[in-house]
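Reading through the structure tokens given below for one structure.
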Amino acid sequence: MQRIGVFICWCGSNIAATVDVVKVAEVMKNEPGVVFSANYQYMCSENGQQLIKQAIKEHNLTGIVVGSCSPRMHEATFRKTAEAAGLNPYMVEIANIREHCSWIHKDMDEATEKAIILVRTAIAKVKLNAPLTAGESPVVKRALVIGGGIAGIQAALDIADAGFEVDIVEKNATIGGRMAQLDKTFPTLDCSACILTPKMVDCAQHEKIDILSYSEVEDVKGFVGNFNVKIRRKARYVDETKCTGCKVCMDKCPSKKGLNAFNMNLNTRPAIHIPFAQAIPNVAVIDPEQCIKLKTGKCGICQKFCGVGAIDYEQKDTFIERQYGAIVVATGFKPIALDAFNEYGYADNKDVITSLELERLMNAAGPTNGVLLRPSDGTHPKVITFIQCVGSRDSSGCGKPYCSKICCMYTAKHAMLLREKYPDTEVHVFYIDVRTPGKNYDEFYRRAVEQYGVDYIKGMVGKVYNENGKLMVQGSNLIDNEQITIESDLVVLATAIEPEPSVRKVATLLTASIDTNNFLTESHAKLRPVESPTAGVYLAGVCQGPKDIPETVSQASACAAKVIGLLVKDKLKTNPCVAIPDEMMCNGCSQCANVCAYGAITYVDKEFRLGGGKTEVRRVASVNPAVCQGCGACTVTCPSGAMDLKGFSSKQIMSEVEAICKK
Amino acid sequence: MKDVEMKMLERAKALLESGEVARVIGWKKGDFCFDPAPASFETVEELDNFVYDYFCGANLSKYLIQMSKKEGKTAVFLKPCDTYSFNQLVKEHRIKRENVYVIAVECMAKLDIEKIKAKGISMVESVEVVGKEVKVTSAYGVETLYKPDVVLTKCATCTKTHQVKDEEIILHERPARDVDRFEEVAKLEAMTADERFAFWREQLSKCIRCNACRNVCPACSCVKCVFDNPASGIAAKANDDKFEEQLFHVIRAFHVAGRCTDCGECSRVCPQNIPLHLLNRKFIKDIDNLYGEYQAGETDEGKTPLTSYTEGDAEPNDVMNGEAK
Amino acid sequence: MINETLIPKIGVVTDIRKDTPDVKTFRVVGTDGKKLFEHMPGQCAMVSIPGVGECMFSITSSPTNKEYMEFSIKKCGCVTEVIHAIEVGQQITVRGPYGKNFPVEGDFKGKDLLFIAGGIGLAPLRSVINYVRHYRNNYGKVVIVYGARSKDDLVDIDEIKTEWMNEPNMEVYLTIDRPQDGWDGHVGFVPAYVKELGLDPNMTAVLCGPPIMIKFTLAGLLELGFDKSRVYTTLELRMKCGIGKCGRCNVGDKFVCKDGPVFRMTELDELPDEY
Amino acid sequence: MLKIAKERLNELYAKINESMGLFIPIKRAGEVNYAVWGEGKEVSLETLKTVKSPKNMFFPQTENMMQFKTEGKNIEIVDIREEYKELRPFVLFGVKACDYKAIEVLDKVFLADPVDTYYQNRREATTIVTLACSRPEESCFCGVFGIDATAPTGDVTTWLDGEYLYWQVNTEKGKALTALVKDLLTEGGEKEVASQQETTKTVLEKLPFANLDLSRFKPENLNELFEAKEWEEMSEACLGCGTCTFVCPTCQCFDIRDIKTNEGVLRYRCWDSCMYSDFTQMAGGNNRTTQLQRFRQRFMHKLVYYPSQNDGLYSCVGCGRCVNKCPQKLNIVKVIKTLGGKNND
Amino acid sequence: MQEVTTEKKEFTPNIVAFCCNWCSYAGADLAGSSRLTYPANVKIIRVPCSCRVNPMFILKAFQQGADGVILCGCHPGDCHYVTGNYYTRRRMSLLFSFLSYMGIEKERTRVEWVSAAEGARFSAVMNDFVKTVTELGENKRLTDLRIKEGK
């Protein structure tokens, strides 16, 4: 029989004013299994805890029930108290007689009666509690960062600076990501490349960082502290160790008609190319779709001209497997496709461009060498109209229901830069709202309006159409309540952003969850914003939700801090309240694994004795306690009741039900 | 049916003789014309007692749980509806698929001897089926019955076609049927709660907790049932109280929800003729309505409706108020 | 007054002794402080904790003890687990006595007796050994061979050492399965030890222990020339009613609870091999 | 011999019910079982085989035995047998010859020393009115066990023929019952009964199982039968459900369980089945782990073990319920045919 | 079992509420700290996630004499365990629909999503549920009479 101690807290008058605490404590003395029952003004106080410790020792208690405030408040406290007195911390149950009783009931008799039932219920449960010990699993002291944009770079640098090895897996031929495409950054208007490229170089030179560019995550096994990741290194047909980045091959390559993705396809590049001048690694890559040699077998010019013999047409994809303790997902974003937005005439008019295209057109390293020229005829546009919220905050189904968050600020930036560089241009901005929360953001926007004379028009654009070579932007001005049409030379769409599509595969591999917009879900919106619900997986940058560079960098650093916090540990304590299968009952039917959000359940073949010297091999479930989070979904799916949850076992819950229903 | 039987026998003989399989599961002759029993045949000689007729209603798929563990391959004759159970069992890793040789066989709706007897016929000597007519010869004479009146309940609303990736098929093409298997369920749904309660009380009051429904059910393939597990908190054997059998049947129906192939064995074997299939069909109907049509056992892989979800699933309270579609 | 055999009596646990890591001995008296009922060596009783379950246990104390009865119980299931957790003063229910006893007033009289036990198997024999000790003059020489997995698993070792070993005309041989620090006695399995000892085949033997031990020991005894008709053992099977009605302990035409648990080996030979 | 017109049977039931309980085959939700008679209930005397046998009346499927109240370390046993002590005498009406014989079989178990008082109380409070069979069916084989389906005993024997129910008093209890309803009964019927018996007997002789050979089921063949290799084949299709045991009029296995209630712990017993895999499960193991063993146990008990303990009386009465109800069409007849003796071949 | 007509006392139903630890239990705490009352006959059982609630617990509650059972969890999409309450939603939709099909009054069972911020809603939901069940009266259809009357 268990020896249960009951401790009823007054919580000053918080409980005692409505619940007859003395009576409750007195009644509990007669409960079967209870050998000690007391009440005290403040159980959580030093003296209160002392009382509990003393009782545990004196009465050799096997379990305790504290009738007090919510377990969400002080369960941890009382568990520590119990542990200090030599009792397993999981032999503690809390009866919530404050939030669920004294604070909501006025009648003393009624509240006292309920408190008695609640304490009894906790006693019924604690009698079935079993001592639990947190398990331990070792930690591999290496982190993986998926995505080599600013988020990935920042996270990797921070982790590496703390002394841990980091691998960056980047699917493109270079790290740098979206930020490398930008011209200037708000609200300071410093040059994007100037602040990003040093970081890229830092990465390349950091002895703890290994950049796996042109690579993708192929498979993930294991769990927090012990991920086993298979990485595909795509064939770039250039030996990374030999290429010096001299670019001779690029000049000689006869196939120069490939669309330059880095420049948003606004110009072309050779089949063998280095994406941009500051690429890291500064190594060429051959586009197999475009390379004449790879397609037809004839050519091989680059190989001839390569001084170091780096070209290898026979290269194949290779796979490497590495172990990591933690994974940071920083897969970034892309602008949405604008196919569904016919009203803006993006597909039909070369001079209707996206903001990211504008970035390239304004960038000194861009297709126009930084001179703003219309894509259609290469003339300098005089009237430029910006349209905000293209595909953002759009619940019609064409676009995205969320706010892309960065557009207001970069449009202000664009408008300002244009007006500064080409004071003769007229700049109009159609907006629904201008959202500028952030340090110095609103000031920045106001500068655009007040100092630079950008024409902000509150209203929606109904239609953009071409009339005699002019782009007619037809919209409404809600302030003046009139329909207006602006004859423009260039129209810039503040296109909504969405998570990079490859995130879906990554999420599946990591059993990380994804919301309806394909953003990765954080563990808790407020309190665990950089952690995925999958332990050991962290989220940085736009893969988790739209954000600008400062936010992305903060989040990346936060991720790094979390990762470092994880990797400094030699062993991880695992939550002991995890699912546990009874192998004798398990049918191996796989239903439990189907509902496990964490991939904690696997199946093993196990031999069972049947009696009479016979044995039988059966497939049975096996739960990895380091991965299981203890939700209990599997326990209900299991028809034979083989799966149970420690700390919330079926028997415990049923005994609670019994105690409550007993009249 | 006779020609099908001949073909089956031929195949069984060939498979055993060639050593391709170690045993064949089929039916053997009983004491009467209407009580063939499931049996396994290990030699060609044993096949003398082999039979396949209009009374071979039993679903043989569940036997494969044990049989597929034995040495050598097991050949099995599965009727169209049995193949669903088979798939479901394979899906749940209960049958070692590689140890089984499946021969899908024609069914043509099996007869229910109890229904024949309920027509006042006893001492049945032989039964012959011609089209929709059933000619029953008994010690008291010959009577002709209308077949749909005397088929097994499970066959009356069956539209199943064989689903297993067969090794072979012995089957005549069967015309598609247009029957609504949810008719009875809908009738019950249309009643008031009091009427429904009265109906089920009346029916379940007959339950003797013999567990025939559970033990025959291919979805109830647990190594040990929760009701037999003293640790489960609901283990029970008693029947006579108002609650017990209700609990048993609710939990059983819930446990097989999304997995029940609607093979109808539960109702076939119930000694008290409780229409147990109407319990499972309610789940099937709700699943079809709420989460899209789903037929358990159509394939031997994939998740079941209760182990999957969509973000826009109906809300329980709407379902209760009949507002969910 | 009808014999309400299915309705138990209430007993109070007055003493609990931890014999081995998984065996405890419980002393039980009635609520009036007196012994609950009389029994004969080898008989059993159904002990229960309401709400948990009822189990059949051999009464380990000797009938000659007029003050209380004792049960030595090994923790091996959910009922025994709860029984192991109870404390002195706890009430339990007891009904019995059930079954046939050892023929201490019949065939055993005047005979040399050999008791062979393994592990918890000593429990049912303790009753008969102490009975024999009490009526010492009615019986001849007594030899006891007792073995367990380890020295910590020997039940009632104190009583054996302080009383049995000092009893005149009584030989006690102890053995454990594997060598162990602090054990200077015999090491080896019971069947082998029995053969080693080269016992007199004219003794009447009583075996109790795990099935595998009984099987090999019996073979050993037969080799030594023992006659099966003078070898006894006790069976343990699942029982519920204790009165030969519920059907659980039925083996062949016998009900273990009613016709056993004490059987002659020759009787067991006639039963189907299902015990 | 006495008689009563069929259309007046309801008056008879009502009259009995005035002072005694009346259990009689009643149709409910399509099936006929013994149940308490009441105004408006659909009596179905003609039904040859109720699904459950009348053993339910003495040995209910679930029966409360006692109650424990616990407080602290103390236990109090509450005797809840008051209801049995003041049990209203009742009449079991319409019992067929086989079922009546089955009661005799159960008596030998439950009334043997030590007496099962729960059973005894109910048994003693009963007056049994049997009903002869007139239209046996193919699954019947009571004759094999020496039972005359046309002349069951009991406290009162009745025959249903044409327009009348004929009534013959056999015992003191029967006399008392007859006295209670004497106003409804008139003299006569010997001839009709005799003629019905004769006709029925010719049918009985021709029943397919009329000549089963039981000659090998003798105690001396116990081990030989036990070892028979045929068990494997016979048990192969057995589902291990309890249908045969629960519809069987002689199966007596039960379980004793506790349930926690608001008032304390209630101990009850309920039917159990030797066919269940956990029937003999105990902490230390299970002595019958295969369905073969369990299947064999049931039939060996009925045909060998029980007769060996009870002067050759078989624990099967040939009611044929298992023949009809086994989900997979296995039954005791197949066992008898396979192992019973030469004449079965 | 005889029908005993007792004097009509005011009926207070016994309500069991299963609340997930992360949202609804916290919501109940908030109701408490905001002093938002609801009847004392609602007793809360804390479970890690609504998906831990086995239909057996619900039936057990009714068997033991509960008059209503309510299950509260995080709003769909907000589950602490990512997908737990999606399974709950399907399971309970089907179970409760089934119980109604068996003739159990559908008002006795309910699922509500209550977030940690919805203290007021928690209290409102409980008040409403208690009111509904009170109007319905005692649960007779799913109770094990042995337990309730302790015979």
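Order as written gives the chain letters A, B, C, D and E; numbering starts at 1 within each chain.
Operating definition for what follows: a residue touches a chain if its C-beta (ideal position, glycine included) is under 8 Å from a C-beta of that chain, and two chains touch if they have at least 3 such contacts.
Owing to the predicted nature of the structure, the values given are computational and were not obtained by experimental measurement.
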item	value
Distance-maximising chain from chain A - centres being C-alpha averages	D
Centroid-based (C-alpha) most distant chain relative to chain E	C
Pair of chains joined by more contacts [C-beta pairs], A-B or A-E	A-E
Length of the line joining the C-alpha centres of chain A and chain D, rounded to whole Å	69
Intercentroid distance (Cα basis), chain E paired with chain B, Å	36
Inter-centroid spacing, chain E versus chain C (mean Cα positions, whole Å)	52
Where chain A touches two or more other chains at once, by residue number	516, 595, 637, 650, 654, 658, 662-663
Numbers and ranges of chain C residues touching at least 2 other chains	53, 78, 87, 90
Interface hub residues of chain D, defined as touching at least two other chains	70, 255, 260, 262, 264, 268, 272, 286
Touching residues on chain E, where the partner in the complex is chain B	55-56, 59-60, 63, 76-77, 83, 86-87, 89-106, 109-112, 141-146
Parts of chain B lying in touch with chain E, wherever the complex brings them together	185, 188-189, 193-201, 226, 232-234, 241-244, 246-247, 250-251, 253-254, 257, 279, 282-283, 286-287, 290-291, 305-307, 309-311, 313-317, 319-321, 324
Chain E partner contacts - residues on chain A that touch it in the complex	70-73, 96, 98-101, 103-107, 110-111, 113-114, 117-118, 121, 513, 515-516, 521, 524, 533, 577, 595, 597, 629-633, 635-637, 645, 648, 650, 653-654, 656-658, 660-663
Touching residues on chain C, where the partner in the complex is chain D	2-8, 10, 50-54, 76-80, 87, 89-93, 236-238, 240-241, 243-248, 250-253, 270, 272, 274-275
Residues on chain E engaged by chain A in the complex (per definition of touch)	14, 16, 21, 25-26, 28-33, 35-38, 40-41, 43-49, 51-57, 60-61, 64-66, 77, 80-84, 87, 91, 123, 148
